[in-house]
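Okay, so subunit A shows up in both of these, paired with subunit B first and subunit C after.
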Partner chain A sequence: MSLTPDDCEEPKFVQLKTCEGFIHDVETCLVEQMGTVRDMLLLECSDSTDVIPLAKIEWWIMKMVIHWCRLVQDNSAQKEARDRSSMFIELLEEAKGDDEVVFQLLLAANYLNVESLLDAGTQYLADAITTCGSAEEIRNRFNLQNDIPSDEYEP
Partner chain B sequence: MSGRKHRGSENMENLCPITRKRSTNKCGPTPAVSATKSGHYELPSSPSALTYEALEEMGIGMLDSEESSSSALSAIALAVSATSDDNSNETTPYVNVSRMLHHQQQRLNMSSTADTTLDSSSNNTTVIEDAQQRLVRQSAEKLQALTQVKRSALGSETGSNSNSPSKRLRNPLVAVTCNNQSDAAAPLNLQPSTSRQAQMRLAKKPVVVPPPQTARLVPTDSFFVYRTPSMSAHISSGINYFERLSDEIVLDIFKWLPKKTLLRLSTVCRRFNRCSRDETLWTRLDLGLRTLRPGALEQILSRGVLVLRLAQVSIQDPAFTPSANFKFRLQYLDLSMASISKGSLQMLFSHCRQLKKVSLENNDLDDNICAEIAQNKSLEAVNLTMASGLTASSVRLLMESLTNLSSLNISWTDLTADAVTALVTHITPNVIRLNVAGCRRVLFDSHVVTLQKRCPQLLELDLSDCNSLTPAVIPAIMKFKMLEYLSVSRCYLIPASKFIELKSMASLTYLDIFGMLSDAAMEVLEKQMPEMGINKFIHSSVSRPTVGTRRTSIWGLRTRD
Partner chain C sequence: MAEESVPEILQLNDDCLEEIFDRLQDLHSEVAFSQTCQRMQHICLSKWRISRAYEQLDLDKWREMLPNYEDLVYFLAQMRPYLKEMCASSCLCALLKDLDEMQITVLPRVTSFYYDPEDVDCYPSNRSIRKLSELLPGLQKLRLTTPIDGRFLSHFEHLQELHLYEDQHKAYELQQEYLDEICQKLHDLKVLDIRTYDVISKLQLGNCLQSLRNLTVLKLNLATLKPVLPAVLELPSLRQLVVLLDNEWHIPPLVSPDSYDHKIREVGEFYDIMERKAKDIVGFAVDGYYMPLEPGWDAELPIWAHRKLKRLAICSWSHAADYLERYTCMENLRLLCLRNWNELSDDILLRFVELCPHLEHLDVSYCRELTPNFLPRALEILKQREPRKPMPGYRHTAPLLLYYVLSGFEDFIDKTNLKSSPDYRGYIVFTADFPFGSERGLSFVDRGYQFEFDCP
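Then we have the complex of A and B:
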């Protein structure tokens, strides 16, 4: 929500309203990363000053997503997946996030169609899965229930 | 609940000092449990409620001295066993242990969640947790008894409405909280009761049950699974966030994972099992140089693999079960140098109908296998180098059926003359790359003539080691107006002078004549045909899936994600 006119060519703002009614002012160039919003803007008149409602996002998640978009913009030179995932980890640690935050971010990235965040989040979880050794460890890590009947076990 | 409280306090004088204190506190904490605890004597909706209500109603007491035992469980077991003997004759001590277990578990949950109302010190949490874990372990086994408990308790409940004072001596629930509130360090110093009931209880032995491996419960016919929220909160200590994600996102996560992890994921839970089998995750697979157990190939192909490299793989029999009756989506299959039985090979191809490129280099074939291969009408490239078992009829069948074939390598397959005839007579005109090397003494000039009439648009032709070819073949070759590559290596009957005539072929760019000329003669030839690339390719690459040292792709398609 801060003004960074150096980053954008046209410092136009887009207003995004999250589910509680909180309105975020986001630079257009950041919003371009969000596929859903981008498409919404295309469909509507580009001069529209309406607030774009995002009913499925909460305000704190929105803030993180905007922060992420800004990070991507600032580091657009390093587009490698590894850098992206380390950016993701930084983002998480800043927000002192736990599993809940990760999954919420993933859902938000899916809803807003921010591909970079989706890739980073899924990679983060994939790494978490591979670091687990056995199926039991995976279950413990993610609190999954083993509901496979024993006769359906396959090698 | 308030009603019960009054009744309990009426009999306070019967209780030992400590339990008396407990019973006043007992009703204090509001249970964090859902509506299993109600103030009415209605039929409970869950066995846990039942036990609590029923036991309270029955006023089950507990021997104080038993509380001092290290195992709260055994103490409870004693209590319940003795009590239910009073109430009903059908229940067994084992059954009652289970009843008390759940009920203690709930009480422990309650008390741990309502710490402020109890005078529990911080040390007590460890006691709680130990007891809880013991209970959780043992409760899993006790569930089976719960149905009986329910029935018997129902029966006993009606019988115990009398509320005799002797029965409402001590509330076992009170005893439970007693454990929570006492100093963890010191054993519970409760005055032994001298009542008749207590002495009877002393005589009983607690039932010791070995703890099951997991606390997870699998529903079967004989017992049901229930879990109150407070119990759930302690059994699985967290929320399952994966439930919130759509399958699409789960697949996005899985796409980063190596195949081994995917296989492991399929044993985690049902949803993961389903998602890890999604065909988008299994489009390509490289199992080169491995050994596949019986049935493994079927498992692999059932996941919808499109690109499969099985080079030098040893496939153990039986590779397929008779029940496999679905068609494989396989399109690109590399079985070069693989060791697989003819039966398995036939079964494999009988399920493949969408193959586009296949390599069976060095495999043993027979007519049945070729018949199944021929069913894949969309085949574009076939590599049968050094394959054995090809007969004239199978060659003919293959050529007639595979009308989309564009490149064929049938070199060194010990074809008979009839087979060669069948080949050139029926081969599809769509072929642009053909390798028939190694047809020693069976491939004649007439065959090349027929071939040229059949496939005038051939781009690449390898006739090396077909040593029956005579100089008369050169005019026939010259009729290929688009031929770019020709190999007549080691066709010793053709003299060097004949090759110069090939210069007039405008399209010919590469000529391989290994083993034909001395170095000096080669130099002369090169001077005479400066534009021609002579002896540039040692190995043919017609239909070959992997050329050179690259092993991570077949026919240009990646085999690893």
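Then we have the complex of A and C:
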């Protein structure tokens, strides 16, 4: 269902306010990829000029999410589409992001319901886990503590 | 003192962690993931428990999925409380020993065990059967295709179904004393299959029948049925009776096996059941290859007066098909199976489609004389009956399932891809298989007959 029904004037931008109060002007076509925001707007379609508050998202993460949505949109217009895993890695490299960035992006993708970002981010982590090979290596990689009771089976 | 911070990955919610789990490459990675900490263990276990891939314990298959022994032991320990089914195709004795070594002594929720070894000489010992009963205390359904004498089968206290039949040679069948014990001790028994494919069965049910009050399905050899037929038909809950004609393949040395007539001329009990239970019979199936049925065999059957037939299967009929038309009076017919008929024509079959409005299953496998013309004509009849079927929101009957393996229109269906035809959608579903509950191959019921009764 589109955000722009025929009988409404078509806004080109939507304003999203992150938890610090920073307002992002986001093209409508990119907001289409954010399921949560899209649904909010559909419920209030006569007032689409209102600022949408996103209390759980920090500004720098929102910036990255918007950048991702733009990458996805541009990619879909290409004759030869790139796979999203490499796009995600490129996004991280540009931001010089580490694991913290990945987790924040995933939380944002889950909150905003950006399916493509959730897919790419979780795949990135799954690949990292698979590469580890053992529970101990996974723990080292992600700073996990083994809190499984000792009477249960351990490797 | 610095506060202990939560590892960043654990700040992800369960949704995200489950999405990561779904993308792990293999079970080994999942096992490693689950062993990292309690939270991951909880996530993984909740996914494994609902996965269809791990509903059934097949240790040989699980060994292939988890070649690392420690991984396998861990995974089994995690899944042990949730397993509901088990099957095995390797030696049972070795399997039980392996589970012992893994400290798996009880699988409390397993209700079904199917044992069908690939190595036909691998017979489970009585000791293994006893151990199995300790491993699976809640077992309700047991299928054992190897020869056993039956000792310790009565230890499966909650058993409801016991299937011992395999359509190949068995070195020996149950011992009578253990069959008696099974019948007397297993009060929940509902399904009992003690058929023996080869030789003449020596089992007797004389001491057992008074204990089998809850039995709903009985499958046995004719030799076992003969002395107790009236008592069997008196069983209050009996819904299905399957009889295997005993067969002793003694071909005289000077006779050519190709010309030897091995039809089994034992029809007395078949007619007896028809007479005694006429008003309760809702289905019967017969293998015409082994039963010497001649045209007109059914003209005087008492079932005509009741017209209660819902399921009818007459297979391998080698005479003219015209007489079949008398069965079109059975308006409640749901299943019609006419496999391997030499002379079944489109016209006769169409009469059933026309006159039996509740027909759901039509099995004409191996009927080479049928032609592709049958299909549009059948479709037209069904469309005239329910013109608006494919329309959404319109309540309609289930489509007709047409079983067509090696029939006269099999090639036509496959070449024209009728399975996907929008014209037939909602009316006919084509399936290259056999109806559920029937034998595979030329007959619905192999080398014998079957009755279904209406049980109050």
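The definition used in the following text is that the second predicted complex is superposed on the first by the 134 of 155 C-alpha atoms of A that agree within 3 Å, B and C clash if a C-alpha of one lies under 4 Å from a C-alpha of the other, contacts with A are read in each partner's own complex, and residues count from 1 in each chain.
Here is the rule we use: contacts are C-beta pairs under 8 Å (C-beta built on N, C-alpha and C of every residue); 3 or more make two chains touch, one makes a residue touch a chain.
Note that this is a predicted model, so its numbers are computed, not measured.
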Who does A:107 touch here: subunit B (first), subunit C (second), both, or neither?
-> both
Could you tell me if A:123 is touching subunit B, subunit C, both of them or neither one (first, second, both, neither)?
-> both
Mind working out whether A:93 is in touch with subunit B, subunit C, both or neither, as first, second, both or neither?
-> neither
Shared contact residues on subunit A for subunit B and subunit C?
-> 99-100, 103, 106-107, 110, 118, 122-123, 125-127, 129-130, 134-135, 138-139, 142-148, 152-155
Touching residues (chain side subunit A, partner subunit B) in the complex | 99-100, 102-103, 106-107, 110, 118, 122-123, 125-127, 129-130, 134-135, 138-139, 142-150, 152-155
Using the touch definition up top, name the residues of subunit A that touch subunit C in the complex.
-> 99-100, 103, 106-107, 110, 118-119, 122-123, 125-127, 129-130, 132-135, 137-139, 142-148, 152-155
Interfacial residue positions of subunit C with respect to subunit A in the complex = 7-13, 15-16, 19-26, 29, 32-33, 35-38, 40-41, 70, 73-74, 77
Please name which positions on subunit B make contact with subunit A in the complex.
-> 214, 216, 218, 236-242, 244-246, 248-249, 252-258, 261, 263-270, 272-273, 293, 296, 299
